[in-house]
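One chain, chain A, appears in both complexes that follow, with chain B as partner in the first and chain C in the second.
Up next, the complex of A and B:
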């Protein structure tokens, strides 16, 4: 059993730069968790704290139920793969993989057996005698992975292992990595800023921002049930559109009014746990794929014109400047459109997400209606 | 841009203010380092106000091509024309080109204003003139309120815009960008793509941009030149390239998920063309050019198809092929499955839930057929 438990971990660097703020996170045995966040959010620091490369300013780290906070990295029995391979130059792939075993004083034959095992497993047997630095980037990263796995660690930590690869190798490696991790059944923490990698590999994703953990959840729940505006905007590609509105009361009914219309929120307001009142500013979020685009005016639609087009073969992203002054991005199947063409959009009410003024809390969680995104 | 000329009509020297056409022409451009050919006989015509993207994987020669256009490298052979003028032997400073480098190359000790003024120093402009220009560009790139900030205080996107502002403030004829979005994180990159494109449109700039990201290439480029090993494989709009990749290497790097390729044999049976893949037969109809197909009867050919060209089912149907699902991944709303097809992995879109190692039935409906030797496209076809 190798569950990892971080308890109120904080890390402050130098003159009060808070890299990690009071982080509590539990990673189950054999779970793959992705830590996702923009650069500078503290995800790498968190990983380094778990590995023992950084000492937390406060808080405890438990691996497999044992407090390892004061143990040096070598005694934590953890494998780690870094962003920039960290391959030993002047050594062959074989020697690179054998290195941690040699440090542990294993016999030659034992080392050989272990290295061959793992190389066979990762399908890199044919490059074992190659100079490691001369290998293809993806082979270097596999070498680093083999070196991390050869000691049979309790947990595997990966720090953006695919960032240095080009887009194509990255896709292949991502799939390969997913297979390896799933087959190995190892507790794994995967740090990335690429949500595609996080979504693909992670059973759960921990979204971080400014050193603070925002939400830990399965990929589909992050998409359908984001806890705040940051998560909503960060997860899902293309990014969610945000529009500002205000709460008003008309004929004893509550509405959110925004630049081009209003939506009745009476029922939802009753269920809402957060205190909001008349005149409060509110932000509405809607995902680009939920916006319906028309090339002519239809009933209840908002007119606008095309101000940007991105074509991707099987779909298009279209930026629309609405007559109300807002602009939204809409995803459609490829259609013939030019810049400045007239279009109109319908923003279906049932697809809205609601956030309060600070973007802190989602006001009305309407899970069911967004389910189709993931096809659940 | 002013042009001085002798007018026959007025019988005197005139100054003509023209919004001159800036086109860039690369003719038989080759660059060798020792024996290594980095740019291999490139011919490329970038028209006025065009956003041209050079797209290829690392080491394909796109950056070298940009550096040659900028004048930072001398070509081994070939000529470069900008606005009809041969600039091959001109130093960079005389080429009137703006460059945005991959790492942006901002000066940490200079404010935004100083960055913008810097390229104007040599231009002998009056202070008022300089101020006017700085104000104009700062407004354009949305940094008016940041003029006294240092790069360290700017966000990623603002730094990006500053680098562009600095490159365009002296009214270059051409703007070169080398992976301008590479160092931004994913979210910002997505937004900057559109911003960059609309800035280019607004200014009517001729842009040549190198990138390693196919989404970037497709979304920004009016046309894309796809490069590999120093050669241009195909030039065309995103639409043209996506819907007809001329060679296998192009298909392999355009569109997500990536195109699948499998081997098959072309046969002529019952008066129809037919692809034999192991024991399966796919009958072709509505292909573009039969001539090419005729020549290849009984030959091995390579069959390319995208995930969107496959219909997936959970039970056998006429013409469907049974496969095992190896792995599935969910990448933000799109479920991609990896299917074992005679030891080849092919990518499919999963429109329903399947557990890995379960059986699925795939039906290919559109194919691109390629010559197995040259890798060139033979035809597109539909499958019955």
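Up next, the complex of A and C:
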């Protein structure tokens, strides 16, 4: 049993910089949780607090039910992998992996057995005698991972372990890492700013912003039911489009009035948990791949022109300036278009996300819908 | 054309190299040369570049001072200054002081800089620079405070006093040299080792220390030579053989009414041996350090 529980943890650095604000987070035993957020959102600080490398300003940390807030890192029985591979210089891969075992009073043969086991498991036996610093970055990171796992820790903490790798090795390592974590069945916290990594590895994802936890949920729930505008914009690639509008009721039906016209949204808002009154300012979110693009005018479409094109081989992103002055990004299969071409778009109302003026999501969807989005 | 250029560079390099070698080695050669003459041949004009009647008389006197004093001596020297009797005791003093200062530097210099580098407690930067900048003050400005402190602590004419003052003067530089060396040491390693279960002291000895062996050799050599060869403070702060060091005695062999070049040079040659031994022991690491640094930057 090694669930990790953070209770109202806050961290304020020297000059009043708040890195983590009142964070409460429970990570179940054997759960893999990814902490995701932009740079400087406090995700690494959170991890370091769990590891014991930083002391929280307030709040408590429990690992496996035991209060470890005041314990030094070595007494927390955790393994950690750092962003810039923290390989001990001047030691071979073998010595690096054996290092944490050396202070645990194991005999030489026991150490050898443990190191060989883990090396075998991570398939790095052939580099054991190599100088660790001279290894390939991915081998270094595997060495660091082996070193973190060799003591059979209660929890594994990973701080952006793939960031330093180049794109190719990164993909490979991500797959390998996923296999290893799954096989090991260990409680794992994975800090990253790359949502692809977070989604692929985490059972649940904790999204942070400015030191505050925004939402903890499964990848598909994050995509389909973001709790607020920030999460909606942060999760999913390319970024969601936001359009400001107003709600009105006509003939017992709801409409959203945008600057370019109104769109009927039927009775969708009646399922809404929050009370939304007519005339409230509202922000509509729509994902680029849900926008339907036409090169000619069609019924109910909004006219505009192409103001930017990015081509990605199997798909393209088109920035469209609408006649009203708003602009949206649309994702389509490759078509022939050039800048300033006339286009019109349909924004299908069933794909809308609704946010109130504080940015809170006011209409949650059923989860299973739109599952394809997370497949990215 | 390129060949000629290359040749010129080569010749200039050779001339320069030979010049530096002569510049450095000639005084040593001269000391040995003079120490192997008797006091009369030393005064011959033109000067002898090789002793015509080589003798180890000066050395014999230094090592057999008791017999020499009562007249049982070979050769022709007819005067032995009182200071000659102090050469061996003060050599011992010098060694005690220099080795102690060296050990203090090896133990505390790198560890202090490691803490400055990795822990970075509040205001540690300021403290670091204060320590390093103390060495920018000219020694003359420190004399009065040193005198007062020695008076209060009753440290005049004691080996302990010399050890303390030399350590105070060498440690800032040792800390600085080692700090520069730590500037490639990943702080994440320190944290990884903390998570792996080590204390900061263990991390220092198990990870950082092996990495900075070349620098430790440099620190050892530097502090030893400083403490061993220091003259000014030793002369001011000591008054008898209990604490006087070799450089002080070498200067006092030459008196108002006598000059004994051969004996002075013999003392110098004997005095050169310990730093030479330390250098030979540390050489491997020092050279490795130089190669490491020139290769890296």
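What we mean here is this: the second predicted complex is superposed on the first by the 333 of 376 C-alpha atoms of A that agree within 3 Å, B and C clash if a C-alpha of one lies under 4 Å from a C-alpha of the other, contacts with A are read in each partner's own complex, and residues count from 1 in each chain.
Definition applied: a contact is a pair of C-beta atoms (placed from the backbone, for glycine too) under 8 Å apart; a residue touches a chain by one contact, two chains touch by 3 or more.
From a predicted model like this one, the values you see are computed outputs, not experimental measurements.
Quick one: chain B and chain C on chain A, clash or fit?
Aligned on chain A, chain B and chain C fit with no clash.
Mind working out whether A:78 is in touch with chain B, chain C, both or neither, as first, second, both or neither?
After superposing on A, A:78 lies in contact with chain C but is clear of chain B.
Once the structures are superposed on A, label A:307 by its partner contacts, choosing first (chain B), second (chain C), both or neither.
first
Check the residue A:279 against both partner chains and state whether it touches chain B (first), chain C (second), both, or neither.
A:279 sits against neither chain B nor chain C.
Given Cα centres, how many degrees, to the nearest 10, is the angle at chain A formed with chain B and chain C?
80
Quick check on the superposed pair: does A:51 touch chain B, chain C, both, or neither? Answer first, second, both or neither.
Second partner only.
Let me test your reading of the model: by the given contact rule, A:317 touches which partner, first (chain B), second (chain C), both or neither?
Once the two structures are laid over each other on A, A:317 reaches chain B alone.
Tell me the contact category for A:90 with respect to chain B and chain C: first, second, both or neither.
After superposing on A, A:90 lies in contact with chain C but is clear of chain B.
May I ask you to decide whether A:99 touches chain B, chain C, both, or neither, giving the answer as first, second, both or neither?
second
Can A:65 be said to touch chain B (first), chain C (second), both, or neither?
Neither partner.
Could you let me know whether more residues of chain A are touched by chain B or by chain C?
B
For the superposed model, what is the least distance in angstrom between any CA atom of chain B and any CA atom of chain C?
For chain B and chain C in the superposition, the minimum C-alpha gap reads 14 Å.
Report, in rising order, the residues of chain A that make contact with chain B in one complex and with chain C in the other.
None.
Chain A touches which residues of chain B in the complex?
On the chain B side, the touching residues are 57-58, 156, 185-187, 190-191, 193-194, 197-198, 201, 212-215, 218-220, 238-239, 242-243, 252-258, 306, 308, 326-327, 329-333, 335, 338, 345, 351-353.
Contact residues on chain C for chain A in the complex?
My answer: residues 122, 185-186, 188-189, 191-199, 202, 206-207, 210-211.
In the complex, go through chain A and note every residue touching chain B.
38-39, 166-168, 171, 174-175, 178-179, 182, 193-196, 199-201, 219-220, 223, 233-239, 289, 307-308, 310-314, 317, 319, 334, 339, 373-376
In the complex formed with chain C, which residues of chain A make contact?
14, 51-53, 72-74, 78-80, 82-90, 99-100, 103-104, 144, 147-148, 151
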